């Protein structure tokens, strides 16, 4: 039951459709990951052009969301999927929503990168974002990996890392507040950086959502809003 | 994962299939046309034979439904009659009317003087003429002493000649046993309009007779009706009960299989064997009366039973099982299911089977020969124990008689048999419609 | 018999292996308020075993759907619940089945009485060759449920009303039952079953011969009937099972593979075979 056996339907056409959706979601995930990566790079390296390209590329993410959404609706209407197929479709619909939001956050970062580059602001403060950015990027990658491999263990472990991100975000907040007090002339720049930190933190949250959907997809249980320890004890496979 | 564009897995139409189909199409239609033609021909041939058969029977048989009456002047001379005026009816009945008729004939044709000539003359009227004169006198006893005109039944040979129009063309008369003298007399009678055709009520009133003009179908008809009544009363309930039991109640095991095989075999047993059985068991052992419809009915029931059982079972089988389930699902007992739902639906089929069986029984001769229903029966049977014969046996007897007039009687009897059959079938159709109307 | 078990930890075994390993039904076969109980039921047709060790409760005021591929024994099981299989001589039933605690196959419970208490609706609409009125009145008549014509009229009309058919046929109760459309005929059959006031209604693929609108009407009716009856329905349409039932039982090759709330069965079945069946995968 841990595997979805997408290729075992009596209807070959259905197999193709489900496989296609999954591939598209993974492609969309890859694109979003790239967007986040580029957005962060643009910020850190004050690369206005890269930032601009991230901002303009967001429409691709949006288009993909619409396309996948459409395909899911078609399958719901025509195949009336049940059980794991139903969970897959529902999961996909939710995952792409989160991916689209992540895309939006990346776009936001791209815009700030452009603005900061145009303002010729000093890049020193932005370096503070690197650690948070790395954490978030790896978490997003692992969440998408868990989705690709339908790996519940990886999903739960990845979701757990949100706490690190939150801690880092808190630290960053305090740091930026200190900078604000020390250097009031940089208020504008620092606020933008705060916004970017906030965007990264949101990406982390969306990644957690994706991890939770993976658990729902594979195990059929909704683990949102329940005690995390319980989830871990219930779903993490025991080391043999 | 299978590649959707993999050609080996694709189900695609053959490109040349249209032309292939087109090529065979003409041949297929031709075959169909031929088949239709054969069928139509077969039907046409059978219809032709049916028309020939019915036509010849009709042509031969229809004259039997008319009889020839001859008008004679009878002087009711009390002396010749051997009674006195004011005699009682009893006395009138036993009077000598024959002499009166002979006298009257002699008066009409005084040229008949020789004994042989007289004998030929007397033969022009039927032997039943005296009863007609008698009846006319008894109806009006005051006529004694007067001369009255009476229509009496003509002899069968004269009748045949008259009905075929031979009397208007005496020169070309063939196939008659009448002498030339008789023909001359007859034609003179015809010229005097002393001959007339009328509906042959005698045929439906009388039993068999040695004299063709007096022979009637009634005894045989009554015999058939009584026999079939017995057959129906015995075979229908027994057969239907058997069919229902075997189909709805009996467990399916070796014994019921054995019974089923035997019933099927029984249907194939030659009917004469049933006759022998009837002779040995019912007449010799149970000492039932010989030649009686009751024995005939029992024997024919035995013969009919398998037919009705088999068709009834088929009819019961044809009732959709869903109806039985519906009944049982509501908590009806097995008997309620059968009587309330299955039997009404199977009834048309059962009736068809019954009619087929009875029609078979109606046409059966062989077994009845064995139990003595072939006897010469003049009296019309009134009960099932009276000696009787049946229509097909009557046909057989008449066909065997030498007199030419029996030829038309034979055909007429066949017509009566056919009408009987049609009436029976019509009754069945009516009953079937009646049951079918109840859905 | 509380068999809350999780099967095959690895879950990667092939379906046939999963079937061979199937020892006990997945999910809880019991309910808190059972109307009928079956325990360890085996059914044989001659030497062939059609049902293997099935235990299942049918609760009051619930619709339980039985699904599974053809020949899985779901219909056989259903028909055992009102002893419709009695008429098949080679059919043998062992195990315990009870209605309100009364043993179905004991001598004390007559099959005719049982069928008055456990009604059945069949796959093909099978109205009797009688009028609409007589169709509905037939059950009450043979059981003597009405003492006079007025009472019988009441039963017939209320049954037709409950079956949602009264408005459509009230002006032609004398018309033959077979003159109705397929969906109406099936509702007539349901009315006929209700007229005997059963406690349980068994339905054997009641909508398989009907169009979607007639099906929707019947499903709506089933949902209304649930207030007063325990209903077991066998269906080939998984969507139908999903729509009408509260619990679903999945049968496979004579075994009861999984029982669970319909919500769970259709979103997250526990057993691989159930999953394969309801998602249309290779068995």
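Residue numbering begins at 1 within each chain, and the chains themselves are lettered A, B and C in the order written.
Quick note on the criterion: a residue touches a chain if its C-beta (ideal position, glycine included) is under 8 Å from a C-beta of that chain, and two chains touch if they have at least 3 such contacts.
The model shown is predicted, which means the values in this text are computed figures rather than measured ones.
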Central chain (distance from its CA mean to the mean of all protein CA atoms): C
A-C against B-C, pair bridged by the larger set of C-beta contacts: B-C
Centre-of-Cα separation between chain B and chain A, whole angstrom: 100
Interchain centroid distance [CA atoms averaged], chain A/chain C, Å: 48
Whole-Å separation of chain centres (CA-atom averages), chain B against chain C: 59
For the chain A and chain C complex, residues of the former touching the latter: 1-3, 5, 8-11, 14, 80-87, 219-221
Contact set on chain B toward chain C in their complex: 251-252, 320, 322-333, 336, 340-341, 344-345, 438-439
Sites on chain C touched by chain A in the complex: 8, 11-12, 238-239, 242, 264-270, 272, 274-276, 278-282
Chain C residues within the chain B interface of the complex: 82, 84, 87, 89, 112-116, 119-122, 124, 126-130, 138-139, 142-143, 176-178, 189, 192-193, 196
